[in-house]
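I have a structure I would like to understand better, so I am pasting it below and will then ask my questions one at a time.
Per-chain residue numbering starts at 1, and chain names A, B and C are given in the order in which the chains are listed.
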Amino acid sequence: MSNTSAHTMHDKLANMELLTLDNPVFCCYLFWATVLVVKMLLMSLLTALQRFRYKVFPNEEDLFFKNIEVQFDDPHVERVRRAHRNDMENILPYFIMALIYVSTNPNPLVACNLFRVAAIARIVHTLVYALFPVPQPSRILAFATMLLITFYMAAVVALRTLRFI
Amino acid sequence: MSNTSAHTMHDKLANMELLTLDNPVFCCYLFWATVLVVKMLLMSLLTALQRFRYKVFPNEEDLFFKNIEVQFDDPHVERVRRAHRNDMENILPYFIMALIYVSTNPNPLVACNLFRVAAIARIVHTLVYALFPVPQPSRILAFATMLLITFYMAAVVALRTLRFI
Amino acid sequence: MSNTSAHTMHDKLANMELLTLDNPVFCCYLFWATVLVVKMLLMSLLTALQRFRYKVFPNEEDLFFKNIEVQFDDPHVERVRRAHRNDMENILPYFIMALIYVSTNPNPLVACNLFRVAAIARIVHTLVYALFPVPQPSRILAFATMLLITFYMAAVVALRTLRFI
């Protein structure tokens, strides 16, 4: 198929089917968003694991061991909670941004690779922040990768929809 | 209508109309997602209520009463804030996960019941965490219910979209 | 075109094309959601800026200057983090609520103006909370604006989908 006709067909079908499984870009978003959702939920379990390991609980009713009191400043628990909060600050807005970016019919190759890089960057971020703390700038680089990708998607969507301000 | 023809029709219409009001599963998602959004926003108001009740404010400009200072460690306020943070950690990823789960055309009966159970579990979680603290494992069970439902949806979506990795 | 026929056409096309660029209401949502995503991500950068300005870092590996220790209670940093947390508590549920509100085919004029007012209210909230602290009730008003808009959207969606409970 010639480039031109492919483009025309792309345009015709586009708006009707972008948020369906017929759109490979949407499927790619689905897969990597799912990976990130699972990664985020594992942070909850990791926090719970650290709480039991170091016997640090924030509520009276959680004191599963004798002779302990509620405690809030354990560094091992707080590190995981900071990593989890950073996930919420960055990944949750990314989910919405990437979804609406798909709905603007982006270049499939660019979009799919952005989804892959963003998801892997956040997995690296968790590894170097919560699991195996390593010297900077590894965490800053992993953090900046998804941030810049989200800004890029924001720029694309904002330019496409600017006249609806 | 026979089971087979219903299934065929289901498949034909599916990808075009999944994220519309024509799809009862999507409508069910809309209703229960709305319930959870309202529940989450009420946590903000509950925090504000506790702040006024115990006169605990985090900013200089919020000191609505005489002779008080900014304060951060009131147990009644912090309990509500922990419950609210737990909501954000679990419900917000669930919103995205459930939405993209709808877009993969799940079994209507399974999907609708998952939405119902997940929403009610989180309402129970709020009751036993923020409003009427009760002994464990009530909170852990309520927490685990939505977590497992989200993992199940993630597994379904990941298997459907694995080849777009 | 007469009002009646416009309405009929509106109804016919509606469910198929609501979440596409053919729907001006969706485009308006895209634009203002993008603005809010960018605003939220800038809070991360503002926190980082405050951390470098006041040399307050939460992790051992972040101590970019000599002779400093990890520190958690700097008022300038904590103010920005509270504003950021408030964003997450309010804007992230709003993203989902507004998206599913669009899918219920709302009145275009009402919907677009709600998106505009909500986004501008949250920008004002950030200005009066994180950047230039001013006396109350400016922050409460900015906060209440998006909250009430989200509740309104929730009421509309819940009434439309109540029979799918």
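Here, a residue touches a chain if its C-beta (ideal position, glycine included) is under 8 Å from a C-beta of that chain, and two chains touch if they have at least 3 such contacts.
Here is each chain with its UniProt name: A, B, C = Microsomal glutathione S-transferase 1.
In this text the structure is predicted, and so the values were computed from the model without any measurement.
Asker: In terms of residue numbering, is the interface formed by subunit B and subunit C classified as same (over half shared) or different (under half shared)?
Answerer: Answer different: the two copies use largely distinct residue numbers here.
Asker: As a multiple of 5 degrees, what angle does the CA superposition of subunit A onto its copy subunit B give?
Answerer: About 120 degrees, rounded to the nearest 5.
Asker: Quick one: subunit B and subunit C, Cα centre-to-centre, how many Å?
Answerer: The answer is 18 Å.
Asker: Multi-chain contacts only, two chains or more: what residues does subunit A have there?
Answerer: Answer for subunit A, listing residues that touch two or more other chains: 16, 19, 88, 92, 96.
Asker: If you look only at subunit A, which of its residues touch subunit B in the complex?
Answerer: Residue list for subunit A touching subunit B: 16-17, 19-22, 24, 26-31, 33-35, 37-38, 40-41, 43-44, 58-62, 64, 84, 88, 92, 95-96, 99, 112.
Asker: Quick check: in the complex, which residue numbers of subunit C touch subunit B?
Answerer: Residues in contact with subunit B: 15-16, 18-19, 79, 82, 88-90, 92-93, 96-97, 100, 103-105, 133-136, 139, 147, 150-151, 154, 157-158, 160-162, 164-165.
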